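We just call them A, B, C, D and E in the order they show up, numbering each chain from 1.
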Amino acid sequence: MTSVAPGYYLVLAGLMFTIGVVGVLVRRNAIVIFMFVELMLNAVNLIFVTFARMHGNVDGQILVFFVLVVAAAEVTVGLAIILMIARRRNSADVDGVHLLRW
Amino acid sequence: MSGAVLLNIVIFVPLVGALAVGVLPKDRIALPRLTALAVSVITFLLSVVLLIQFKTGVAGFQFVSHRQWIPQFGVGYTTGIDGVSLWMVMLTTFLMPLGVLASWSITSRAKPYFVFLLALETGMLGVFSSIDMFLFYLFWEVVLIPMYFLIGMWGYERRIYAAIKFLLFTLVGSLLMLVAILALAFSAQGHLTFDYRSLLGTPLSLSTQRLLFLGFFASFAVKVPLVPLHTWLPDAHTEAPTAGSVMLAGVLLKMGAYGLIRFAIPLFPDAAREFVPLMMTLAIAGIVYGALVAIVQRDLKRLVAYSSVAHLGFIVLGIFVGTIQGMSGGILQMLNHGLSTGALFLLVGAIYDRRHTRQIADFGGLARSIPILAGIFLFVLLSSIGLPGLNGFVGEFLILVGTFFRYRWWVVPAAFGIVLAAIYLLWAYQRVFQGEITREENRTMRDIDVREVAMLAPVIALIIVIGVYPKPFLDRIEPSAARVVQTLRHGSVISPTSSVSQVP
Amino acid sequence: MTLYRQCASCLPLTGGMIFSWFLNPGWLIAFPLLGAVLLLFFGKRIGRFAGVLASGLLGLSFVLGLVLFGAQLGTAGSQRTAYVHLFDWISVGSFRVGADLTLDQLSIVMVLVVTGVGTLIHIYSIGYMEGDPRYPRFFCYLNLFAALMLTLVLAGNLLLLYVGWEGVGLCSFLLIGFWFERAKASNAAKKAFLVNRVGDFAFLIGIFVLAKAASTLSIPVINALAGPAPPGPAALLHQPLTTGIATVASLLLFAGATGKSAQIPLYIWLPDAMEGPTPVSALIHAATMVTAGVYMVARLSPLFQLGSALTVVAWIGGLTALWAALMACFEFDIKRVLAYSTISQLGYMFLANGVQGYSAAMFHLVTHAFFKALMFLGAGAVMHSLAGETDMRKMGGLRKAMPITGYTFLVGWLAISGVFPFAGFWSKDAILASAWHQGQYALWAIGVGTALLTAFYMSRLYFRVFEGPLLVPDGVEVHDGRVHDAPITMVIALVPLAFLSVVGGLLNLPPSLTLEHFLEPVVGRSEVPAGLTPWFLASLALVAGLAGIAIAYMLYMRPDGQTRRAALYPRLRIPIAAAANKFYVDELYGRAIVLPGKALASFSAYTLDARGIDGLVNGTGGLIAAISDRVRRVQSGYVRNYAATFLLGVVVLFSIVVVRLATG
Amino acid sequence: MSLAVIVFGVMFIVALGASLAMLFSPNAVHVALFLVVAQVALALAFLLQGAYFVAAMQIIVYAGAIMVLFLFVIMLLGVDKREALIEPLRGQRQVAIGLGLLLAAEISYSVLRGVHLLGLGNGGSAALNAINQNPGNVKAIARLLFSRYLLPFEATSVLLVVAIVGVMMLARRIDTAAGLFEPRQPAEPSAPIEAEREAV
Amino acid sequence: MPLNLPAVQLGGIGPEIALTVTALVALVAEAMVGDKISRWYLPVIATAGLVVAGVLAIAAWNTSKVQLAGAIANDDFAVFVKVALAIFGLLTVWVAREYLEREGIEESEFYALVLLAVAGMMLMAGAADLIVMFLALETFSIALYVLVGSRRRSLDGQESAMKYFLLGAFSSAFFLLGIALAYGAAGTTNLYSSPGGVQGIAGFLSTHASSNLGLLSMAAVLLIVGLGFKIAAVPFHMWTPDAYQGAPSPVTGFMAAATKIAAFAAILRLFDAILYPLRWDWRPLVIGIAIITMIAGSIAAIVQEDVKRMLAYSSIAHAGFVLTGVIAANDQGVSGALFYLVTYGITVLGAFAVVAMLSGRDEQRVRLTDYRGLFYDHPLLAGSLTLFLLSLGGVPITAGFVGKVLVFGAAVQAGYAWVSVIGVLASSVAMFFYLRVMVVMYMQESEDAQAALPMGSLAGGVIALCAVATIFFGLAWGPLFEVAQKATFFAGG
């Protein structure tokens, strides 16, 4: 299967990563923010896979596994923390949480 | 006992004493000060033994002891003294018992007070006797901490401000010196060492020398202090408890001048030579400026503090003029200033103890109620303004004549400082001691007591002795001073360890 | 060369009188010094005997001085100089100064004046200071003064001379401010010290100049270097001073003398110094200390002569003499009149020095010491009996009430007015003759004018106070025994001084010129062949003096004097008003120096230091704190802000790398 | 235009579109669903690049398990909560967009440039295809995972343990008997204690 | 086709295994014993685990191998950091014991998480593969997210956990991107070339001209970002004050000490060893980061009123100071940084132990004003805190001074004296806030007598231990320095 040049994939990954970054910055719901972090991780996954193709090895694909695991672990703990706060405050709005400042 | 061992004992006896005071029972109020007095007197006596053993006419270090400390980093515990440090050590050990005596009224928190005071002494002695530069720096900074607490805990109204200012000012300078020390050690050939003697004569390019000199100078200039780096001084001196002021003026300021003599010049002679005009300008600025500012001070202690700025200007001038007279005079003046300004602080402290004010306006006519204290004050004041026959004159004259030998015109503003000194001190004396007694509480002040006599009499005696017969002092200073002068005059061309020749 | 200099600086030079240990001139200093120390520490215990002790010890010095004088007389004229090296004082590198004493003809004269007149004044003070709470302290200071004055006089090098120089200044300070409770006294004391310090500052620089140029501070060596090369091998080592150096050095030293000896422009302290006890004025501010400058110039005459400083000395002296005499004419305070008179007479002496009449200067110094001390003591006696009043307008006819004081004062008056054959006549004449002989006719004229003025104001003083109807200040009881001669100890001092004022001229009578010849080996041969040449000059001076007296007589003794004076007043209103304010010189100095100085000091302290430098320091601290405050606000608490900051960091770092990547 | 290009184009548009849609969806559930879409699109991208096994994992683990967890929590907190799309933090959005654009450009440029400098191209495709043929994608991954990547593989177990323990801890009941502790409000800045005001 | 299993050298990860097992044991123990009796056994178990881990780590001293198929580097550097981590763990556990009791949250999970965090950090120290590094980073990060939030009753704690978590995840993504780019450049994530014939990044670097390594430079930037977040380098530090303030004090101390050394271990290994050939690319960036970190950390601290927050800013500044050692990129710099980190860790743990002790239940008393007159109520505590603060300020005869000398000296030696100058200036600014604390403790009177301390002797012992160590390493620092010097040897590098 002849394929599209890897550069396009990389650009796609870069754009998705950036969208993730922007999302983290502009969204206020903690869970949504966290989803954008997941988007960033996904973008990196794409980079791994693309580079794996460029290098002609499967190491990059294996790395995606690890990212998956990390993402899973992060999600578990992260959601637990968010839940903990949201239960107290009845909201997942991160802007409502700024007792600690200055 | 060999002198080397004795020197180390002298350095650490106060520290041991401090620890001893620290473990004294809490409820005995008089015990800490008595212990401290005993320790400081013992230290002094031991240092007198050192003085007796000191060989006159030798330029190099004596009583050298060396021990490996951190061989991995080239740091050794190396101590020893030469003609310059000898008198600084003596001054320190001499002033400390007086400082303890001046602290008699401190009864609350007496224990930590005397712990800090004695720890301070070890620090100061260490500064003057370290040959290893790492060790030197260690002591140099360690001195700050007890002084910080002395000012901050037992000082007067603005003590916290003064303490912080003191520490930060000096710290900034010190840290720059630290970088310079490291740079020096790393630029020396061979294995890493901080031994001053090995680092002497390290070949450095002129630009490197300049930078390193400035690094050292930053530290010393703050400590001395040279205008415009002096503003920590009036605050610290004024707010410190009497003993603190005595130690600050008497010894701590000398650390700066000592550093210039010991390190800044011999290590970077070419840069030092190049900076001579700047140094002299700063010194003379200090002389005139310090005096001018002192004139209009309203606080007696602050006035004395500013007088230190002027006096230290003389010392720095002497150090940098590059004549043996100037250098010897400068070193002698370090001693003199320690005595006379120390005594002035003791006296101001004694008056403060009685009246709990230092404002000149609160006094007037005290010579009537406390004639003896007034007389002593006048005496010390005369020493401070360089009345011939007293110690201050010998130092100042040597500095000025030494200056004149090389820099004719510079001497004029410098010598004018003597006139200014007379103005501010005499005017202060007049306002405090002369005239009618205007306030009732000044009428019933008690005059000097035995403790204060014991505290002041030795200073007075020394003021006269040095004034009349300074030879024993100068003889011990001269060889070491000559060496530094030679380095300053001839730059790094001549190895500083070569034989001493007469420098006019 | 170095050898010569080093040798020269290590006295003794050439042999002179050989002293045994007890005939050492050091004792001259030691006795009063001992007295001072004893009185300082045991003053309270010694108590009333302080005066006796002090007078005795100084008297001892006087006796020793006489003995030494005798020993000198017993030696050949050129061998009369003795050098004593007590100990090394300051020696660093090649710079060496010892505690060296030089006893020669010049110094012995001063020694005798200081100890002699000093002893008399000490004795006088026993009575005068009676009952003062700080009685012992007074004598302690007096003795200390004597010791330091003797140090000054005997000093073998300039630095030791400087010790005495400043030391007597200190004593002057202490004694002027003896009644320190009075604001005026303490102000005057401070003023005296500070003005002197200004002079000393120049003096010190003069010392530096010589130290560098001559490589020694030894007075004999400096004098030798200022003179021609000595014969023999020493000539090879002789490196003479240049005239330029000599001029600069002597001018600087003389600037010091203008302070100490109250010459223009530094004379302003002396009138104020009258706030001190009268014996102090007599001893320090008339007889001895203020003459130190005169002595110093004479002492260093070869140096002064080498350059061109002497012209300045002469003119300053002459102008001071005239100026001070003028001021004295308008003064009503007895002591101040005497003070101005002293300034004027000192100017006379400098004039003499300036025209190389060193021995004349010394001669006048001696006679002046006699009659001025006498008059001060007399004034003191007057004040003593008039409850301290000094305003002469409130006095009159006191000669009858206090005859001894009156008559002795009369002697002093005649002496200072230059009336033949009193001491003043001879010494003043010697000075005028020197000036004339040197061709300084203008100076001579000034001298004559001054003589006239002197006679006038002294007569004015004398007539107002001692002649005419009895007048005492309000509140002073005139009935029996209240206004009377002072106690015996005071009178005891007056009589010998009066005697000396009369016969003082004998010291240097024209034919024999004893003093002049005696001093010749030190100050050189005077060019004036005889003191009284030409005769007509002498008579002119005498006439001037008599004229002054006559004018004063017209104005103050004649019954119509009052109306004449009243007629004069409108015309002299301005000078009188000005004179009452000391011609505004103090104000001038105040405006020109003190005020700007204070302003500068205030500016330095409160603006530059507190606001400027310390402001910068605190400002830096404040700035850091302010920045800190800003920085902490960046930490807003909003996690998304944190992320944005994070991203900013990333982007910045990225940009740097990208730019590097793009540019190669 | 080959099929691959067309598929790629579709994938590209879907992935990017879904990502952008995430940004603009006020509802968290929608965001989650768009994320699933993006992840599926990425799985397609993986497939296109010969990462078959990973593509499957992407769908199963990510789009399946993880996103379900997300949705679960969203539901727990109230599904109907819409996020207000106004920005309370001043400048935040502008900064985000500005920096985002910059970042995107920089990443894209630098990665492409970096790849170019290294001379990496599509050259590895052949090798990867070879591996995918023999021993096959799954086998190759398995071999590597249990040999070279043994330690990381094992480390993931610890990671998961940590996550589990962490969640256990957070899930513990709060000892409400002691009361909930409300912290003090932070001090207003620039109120240093009086002594230092002078000092600084 | 046979499966080429690598030699399973469990010794290489012995400490990590020991810690993991101990953590599980602790969990199981509590589950079995329950909370009927006092939970004293938990710290005992934890202590045992940490000691064993430390011993196992020491056992690998001087062996220096890259093990487990190039995934782990068991060199002296790693050993040094691991032992330090074990010690930090021990100190944390001991301080935590009484603290947790006081706060009513003494749970096995806490100890387990501390142990697992230490395990992760140890793995980080020895990581010879970027993905291992990433996993290690995540392991201890996730543990720390939870630990920070372990004061569940406190809103502070919750908030700080959430902030730390969100930002941590955010930064992880960047770190991961960095790994991806590095992989893109080198085709591998191994750092060292392993015997199996795989060329590591180090080998890759040695065979390529650095002008072609733009991708790796990019990767380096992102790695700096990710690790800079962990060490709290400006501008990636924003979480630090909040997290430090909200976390339980022992955890704060643990974070300051252990996280820092672990992350720095990675930085040192990555930049001063592996990416050393690229130093001209990364050094300017690190210099910039170091400078603003030193300055911003110091400056921001001086107006803080909360002691924990102040120490947080101080820890930011300290990260900057250590970075000067990284910049030097010479043996002196590495050993200096290691020395610095160890002594800083001990000091800061001691300081937070004091804070923990004084803060009282629910950490109510952590304001500067709460420390007024402390010297008069608790002279020893005040004295110890003074000592720690002086050490943090870098005053001689304390360990902190030596650390500063070493890192600044290294920078000077490497020709970056000007960075050192900025460093010392920043540290004198920093001194101001240590002085402020001392002012409050010594020079002001306490308004109310200090409440009785609810914490006991164990924490006191830790404080004493830290104090002694602070002095000891300030005076007799030769041996530690020597060890740190030996630890600059990187496996394969």
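Basically, a residue touches a chain if its C-beta (ideal position, glycine included) is under 8 Å from a C-beta of that chain, and two chains touch if they have at least 3 such contacts.
Worth saying up front: this structure is predicted, and the values here are computed from it rather than measured.
Each step here moves to a touching chain, and the least such steps from subunit D to subunit E number 1.
When you average the Cα atoms of each chain and compare centres, the chain farthest from subunit A turns out to be C. More C-beta pairs touch across one of A-D and C-E than the other; that pair is A-D. Chain geometry summary: the mean Cα position of subunit A and that of subunit C are 95 Å apart. Rounded to whole angstrom units, the spacing between the C-alpha centres of subunit B and subunit C is 37. Annotation: 65 Å between the Cα-based centres of subunit B and subunit D.
Residue positions of subunit E touching 2 or more other chains, listed in rising order: 131, 135, 138, 142, 145-146, 149, 152, 155-156, 162-163, 166, 170, 181, 184, 211, 214, 217-218, 241-242, 302-303, 432, 436, 439, 443.
Counting partners per residue, subunit D has 89, 92, 95-96, 99-100, 103, 107, 110-111, 113-115, 120, 148-149, 152, 156, 159, 162-163, 166-167, 170, 180, 183, 186-187, 189-190, 192, 195-196, 199-200 as the residues that reach two or more other chains. Along subunit B, residues 160, 164-165 each make contact with two or more other chains.
Residues 375, 390, 394-397, 401, 404-406, 408-409, 412-413, 417, 420-421, 424-425, 427-428, 431-432, 435-436, 438-439, 442-443, 476-478, 481-482, 485 of subunit E are the ones touching subunit B in the complex. Those residues of subunit C that touch subunit E in the shared complex are 624-625, 627-629, 631-632, 635, 637, 639, 641-643, 645-646, 648-650, 653-654, 656-657, 660-661, 664. Those residues of subunit A that touch subunit C in the complex are listed here as 21, 24-26, 28, 33, 94-95, 97-102.
Residues 17, 20-21, 24, 30, 33-34, 37, 40-41, 43-44, 47-48, 50-51, 54-55, 57, 59-60, 63, 66-67, 70, 73-74, 77-78, 80-82, 84-85, 88, 94, 97-101 of subunit A are the ones touching subunit E in the complex.
Interface residues of subunit D facing subunit E in the complex, by the touch rule stated above, are 110-111, 113-115, 117-120, 135, 139, 143, 146-152, 155-156, 158-159, 161-163, 165-170, 172, 174-176, 178-183, 186-187, 189-193, 195-196, 199-200.
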